[in-house]
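Heads up, the next two complexes both have chain A, just with different partners, chain B and then chain C.
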Partner chain A sequence: MKGQGMRIRRLVTELRLLPYDPTKVIGFLLCAALAYLILAPVLALLLDTVRVNLRDSATIGIPTGTFTTYFLQRTFLSRVSEVLFWKPFWQTLFVAGAVCGIAIPMGALFAWLVVRTDLPGSKLVSRLMVVPYMIPSWTFAVAWISVFKNRRLGGLAGMLETMGFVPPDWLAYGALPIIVCESLHVFPFAFLLFGNALRSMDSQLEESARVLGASSFTISRRIVLPLLKPALLSSFLLTFSRVLGSFGTPYILGSGVKYYLLPTALYNSYKVGSPGVAAVIACVTVLMGVSLVALDMFFVREYRRFITLGGKGAILRKSPLGGLTLPALFFTLIALGITVLIPLGTLVLTTFMHRPGLFTVENFTLDYWIGATIPAMVGQKGFFLNPDILRSLKNSVWVAGSASLLCGFLGMLVGYVVVRLPKSRVAAYLRQVSFLPYLVPSIGFAAASLSFFAVPRGPIPSLYGSMFLLVLVMSLKYLPFASRSGITAMMQMGNEPEEAARVCGAGWLRRMGRIVLPLQKHALLTGVLLPLISGMKEQSLVIMLATPGTELMTTQILRFIDYGYTQLANATVVGIVGIIFILTLSMERLTGANLATGFASRG
Partner chain B sequence: MAEIVLKNIRKTFGPSVVAVDDLNLTIQSGSFVSLLGPSGCGKTTTLRMIAGLDTPDGGELYLDGKLLFSESEGCMVPTEKRGMGLVFQSYALWPHMTVAQNVSFGLEMRGMPKEARRKRVQEVLELLHIDTLQNRYPSELSGGQQQRVALARMLAINPDVLLLDEPLSNLDAKLRLEMRTELKRLHQTLKNTILYVTHDQLEAMTLSTHVAVMHNGRILQYAPPLTIYRFPADLTVAAFVGSPPMNFFSRSENEGSDVFRSFLPLFPGLAERVHTVGVRPEDLYLSPTPPLDPWSYPAIFETVLPTGSDWIVSLRVHKRTIFLVLREEPRIKPGEQVWISTRTEKLHLFDTQQKRIESP
Partner chain C sequence: MKGIGKKAHLFVWALLILTIPLIAGGKQEVPKPETRKGEIPAGAGGQESFDLNALIQAAQKEGEVVAYFTSSRIKDVGTAFEKKYGIKVKGTKMGDPEQAERVIREVDSKNVLVDVIGFEDGALLEGKLIPEGYVVNWVPPDIAPSLSPEDRNPLVFLWQPRIFGYNFESYKEPPIKNIWQLTEPAWKGKILIRDPAQTPANLAFFANIATNPKLLEEAYRSYYGKPSGISEKDIGWEFLKRLFQNELIVMRSDEDVGDAVGAAGQKEAPIGFYTLTKQRDNKAKNLKLATMKGMVPFMGYALPTYALMVKNCPHPNAAKLLIHYILSEGHVPWTARDMGAFSPNPKAPPHPDNEGTWTDWQKRLLRIDNKVALKLRQEVLDLWLEYGHKK
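Let's turn to the complex of A and B:
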């Protein structure tokens, strides 16, 4: 009896103190929200691999909700497992390996040229090299298909075919183009990672070895290469997780010849096959994603021992290229042309031509931008008048905008609670759960959200087909970055400015309004703008969630490609790239942050 | 007037870390009390509990007889309502506000009208000689100026209790002396109660009316600074206060036990109880020949560290090093034999419980 009275009194005290410091309550609410929005969908996905869902129950004749190993057997052991899973699985590994083989040496070479040699204009080169990483990954695939497309797919002919050369299938579709396009997108990662590693490597390390009598070969083998190993491993893992998470490129270049990778196989199973099998494949991608991040973290920890603090900043000595200057410059220009100018140039050019590749005066047109009717496409209008494009633009802005605001706000709250309740269980939980979406490849995350939110749960109706689902999933997928930056920003600020305000007599709302938010303005801006940029080009995450009413620009492109409306697809790509350039530049202007060093988003 | 009373205050972090252990302390109104101790001894936690930023696990806390916190009563007055001032070690100035805005914030929270606020800010800034800096931002100030603004911000609301958490530790030596003088002057003028947390014994000794020496979450001695220096209640206090530290000779240690035994004839009645004998470096004398004092001991001269005003001498006595402070330069070479001596009343005696034994 007495104990109970005490407990009630303590509760009353807690409640009375609530307006002064509601951190614990906010923390508790956040924990509950993230458990429902992140943990539950992933668990639902796991459950879907062993439980019969509504759509499958009709086909396989087992009642909904029954536990079964049918999907596991079908995916891994049955006669169709080869087509459903194993072939896409091995092809994914093959493509990822090949992309590593191209992108990493390419990135490392240019990093060395820019950082360690006297290559003219190296500053400009290093800025341009990052452009392929800024523009959406599937841009290259869209450009590729406009050039190399052959008769196998319907719609307009590709540029080369129009010019009289019919590209063979192996050049137009499948492994080769996928590998090339993914490499072009991924190599800036390797470039950045190696660039940073080389930049932080003191020339004196090599000079010490030289003073002790080591030859150049010995120096590279014993000093330079071991120090570059972390960059090498990180590029390797990042490339793998990129390929594992990217949907657009294999969809555009592989579907026509039934060359599937795991993301497209998952999509196919979900759209036309069995959702149960899709859940199994999604779980495999989640598992692969988790192990890649675990490996990366292990290596980062392993190599942290390498970081040494010198008395002064690292001294960089640039080796003269001498007679090799011109060839190196020429080579760099060609590479920049292939990675940036040619793909974007092709895309822009095609939107002004009735038949891409036919260079006659009457073939050029503005119809695909401002035409009220397009002769070759019945019922379609030019970019600026096209209702499909305009609606998808509106949807994209709306979804990415709300998602980034929600995400930035959630990230800041997570940061606030984690820093204000250090060492508490709430803080540890929030850190881990808000990081979880990072481990899950986009398409797997979408699959998980779909299996959880597509059916009514208690008071919440089915969200499938609603814009809200897109906003929710997008903001959760980017939460790892937002919460990380929120935690860092709050840590940097520390508790003391707020405590000083408490001592001065300011209540919680006033402290937020007068002290915390003004001090976090900058971080909050970055925390909103980065997800906004990523959201505008997001495709893998939304492809399974978008429905005819909620089409985004990125998914609209795939519809246009499916219909063979090359110029409209390309015009939409150009539109997105333009928006992203403007957003990126204004963010750099506003926050002084450099995208090249800030945000390593994953497929 | 503001008297702070802590009764059986306890605070633990996690299952194993006891930060403050059953602490009892009465801080009289108008006094300048220092909490002195090594880092991690619980002094900052104590200060934060008084401010209300940390909640004790148990015990009671009073300000002028009014209950601020009680575990059994379920009472906890929030920081915002305590009306105390607290200066942080990092100053915690708000970087997005000017000096004047920083200082005026607390007044604003109390609903003071604008004109009155402006006057009060001016007054406080003048008191601290920084009235020319009104419109600067914290990043445009030097460390010493930031320190003054942090003080001004808390003094503006004219708190009865001013809490200072290692406020001088980020300043260089010259500024530190200047600010110490400033703090003492302010205390003499404003007469509010000040609780000062520091690990610097010189600060605690020079500023305070009372010093509380803390160790492992407990208060070992609470007394005026000179009492602490002259009559340390405890072996730990004796070892912590004083620089260079007191020399100890203990019954249990091998190297010192011969020296220890040589002291015993000086206090025959206590010979059984005494476990450790301590003597401050400045209470030891040095002579090249055996002196006539009641106690002396041979030693080997090792080296000398001249500080300018004093000479700190290190000597080898039975394989261990002891320190002396001399006011004059010693005329002895390293390796030479010398004799050390002291007067009986300069010896500090401690029992097996490490407690001070009052000499008869």
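Let's turn to the complex of A and C:
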């Protein structure tokens, strides 16, 4: 009885103190909001796999709303499951594996060249190596198709065909180009991870081994490889999950020859009008994403148990390349050319040509940039006058801008609550739920949000076709990064300034405005700018959500490609890449952060 | 730390359970039919109650109309419409599946953005969208008498032949004389078609082939000189299977097909299945397209484009005026001005290059039964997925 009285009194006190410390209330509100915005859509997606929706009911003759195993059977066990699911599934594994096989050795090799050898200009090289990751992944695919496209897709011919060489199908579309383009995009991951690992590896270990008479084979097998294993595994899993989540590249390069990966298979099922099957595939991608991250966490935990301790400071000795310096430099330059200059150069070049690949004076034009009319494209204008492009640019800026603000703010709030209520259930829950979107591949996350927010629910009206849906989904998808950085930033700020202010009688809002936010200015800026950059090049996440009024630049590119407006598509790509370069540079200026390190740290 | 983790899990589960009613409760109630303020009554077919001028005035008050059309000609229609009535047309070219998805989502969410759809998926229209009230069939009462009854429900505003065609520079005469030739090894990988999986009208065509065994048997006999020996029940499906196994090349649009088939300077050009209107590009793009004249038992099918109002659309009067506009004889040129496009309104003048009137064309084409299409579509799609994606 006495205990109960105490409890009530404590509750009263807490309520009285609420205006001064609303952390708990905010915590609970955040919990509820994230449950509704993140958990519920994913659950709704699960429900969609067993419940008939209207469009499916038209074709399969089961009333809307009935529970059924039809979609599961159709996806996994029917005579068409091979085409709908299994083939894309195995092809995804194959492509992801092949990309790992190319990107990881490539990244590791350059990391070694830059970190462990006296390669001239290694600082510059290491900055340039990150550029392929900075530019959107599908840039390579768009460049590839401009060069290698053949008659098969119809429309404007590719550069090579115009120049007289007709590329065979296997070179123009399908597995090979997808693997190459994805590898070019993701190898910087491996480069960064291996670079960090190599940098922290003590060369004295190798030297001692050599002194003790170990052969170089033994050294690499017993010392170097084990030390690099975490980097190897991490790049493997990261690469894998990138391939699982990327839509643009397989869409652009695979659709023409019916070569589908899981993201495109999902999109296709959705497009064809079987959202049920699409939901099943989306769930599979979610499962795969979850298991990849679980694996990654497991390995990270395993490897934390082994720490190399040395009495002396580690020494990073650079091995001289000697006679190999020139070839190595040459090789690096070629690699940089292939990964950065050639794709971007090709894209820029095509936008100045009526028929890309035909090098005659009269074939060059500025029409695709400033033309009020374009002879070959009825009703279209050049980049700077094109209403579709300008509108999509406005939308992109608006969506990515609002999403990054919302995301940065939410992340800070999560960080604040988690740090101020340590060891509470609220904190643990917030950590987990705010991380959940990371596990779900973009297109699956979009599918979940689309089916959940398309109808009005309680106080929230239907968000279908609204810009706000794009903003919301994008800010939730990037929340894992924002909340992680929010937590880290808040950790570094002690409780004392706030307590002092509270003693002086400052309310919560005042403390936030005058103390916390100013102190966290820097972190907040990074937390906003990073999602802004990602948002500008986001495609997988928004392809299912964008509608004719809410087309973003990235989805506009796909429309142009679908209609065969090659030059306009390429001009738009160039536009986005330009914006991203400017944003990235200004972020580095503003925050002093090096993008290379920003991308390398994750989770 | 361990204990907290467990509690956190319990907490997560509790929240999960709490969210279930939210998700399950997402279904909206069925809205009552209502006469909306300011909407001019339809005048259920009664000519006397229809006042075009009143409609025009009401439409002009609304100021704009939003349309999704399967064809890019909505742009030209829009320009002409705006010039005549001062009402802006926000027209977007969009395929059938996407249109259906949007209309369903918009109506369900009571946030209707679109007024008029120009739609080709008759099966979905008759099977779902009309009976479940997503779209409303409105026939302009003053035009209705001149339309043939089967064009009125749902309302067709455009007929097009979708046909097999070839490159006349590459072949001196139509290379396909009989539909069974399409299943021959000679044409393996040389037939281009817009992706059936994403083109409901093509699926409907295939479904209607399956239910026309007599025509197929006759064609078989005339080509091979002997009966097929395949049962009446199976011959249609057997034809489709053989056709799909012949490695059809899939493209994104009829335009792409027409461009690839008709490109000048090809030897042994592929043949293709596309709408006759693509032949209008022969001049502009220097294409060499010609129709498969005399093909047995048909050269293709009659593709209708329907025009319907979306339920509770924001600009109902402008929607009606637009539908009226695209059907009325004076303005039909905007929808049926090209060769290969026919207005259901017989008063509208046909294009001189059309190789005959619509009555002539109907004899060369299979007419789609939407009920058959609705019933068999999934089966046809599965057959296509199964055989059309094997290499």
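In this text, the second predicted complex is superposed on the first by the 575 of 603 C-alpha atoms of A that agree within 3 Å, B and C clash if a C-alpha of one lies under 4 Å from a C-alpha of the other, contacts with A are read in each partner's own complex, and residues count from 1 in each chain.
Criterion: contacts are C-beta pairs under 8 Å (C-beta built on N, C-alpha and C of every residue); 3 or more make two chains touch, one makes a residue touch a chain.
Everything numeric in this text was worked out from a predicted model, so none of it was measured.
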Partner chain(s) touched by A:P461 [first = chain B, second = chain C, both, neither]: second
Touched partner set for A:R301, first chain B, second chain C, both or neither: neither
First (chain B), second (chain C), both or neither touched by A:R589: neither
Touched partner set for A:K123, first chain B, second chain C, both or neither: neither
Partner chain(s) touched by A:K423 [first = chain B, second = chain C, both, neither]: both
Chain B versus chain C as contact partner of A:V503, first or second or both or neither: first
Residues of chain A contacting chain B in one complex and chain C in the other: 423
Touching residues (chain side chain A, partner chain C) in the complex: 31-32, 35-36, 39-40, 43-44, 47, 54-55, 57-60, 65, 78-80, 82-84, 87, 151-155, 255, 258, 268, 271-273, 379, 423-425, 428-429, 432-433, 452, 454-458, 461-462, 464-466, 547-549, 562-564
Complex contact set, residues of chain A against chain B: 6, 9-10, 12-13, 17, 20-21, 423, 494, 496-497, 499-507, 510, 514-515, 518-519
Residues of chain B touching chain A in the complex: 13-14, 51-53, 73-76, 78-81, 83-86, 88, 90, 92-96, 105-106, 109-110, 153-154, 157
Complex contacts: residues of chain C adjacent to chain A: 1, 4-5, 7-8, 11-12, 15-16, 18-20, 22-28, 68, 72, 75, 92, 94, 97-98, 100-102, 104-106, 108-111, 113, 124, 127-128, 132, 192, 197-198, 200, 249-253, 255-257, 259-260, 263, 374, 377-378, 381-382, 385-386, 389
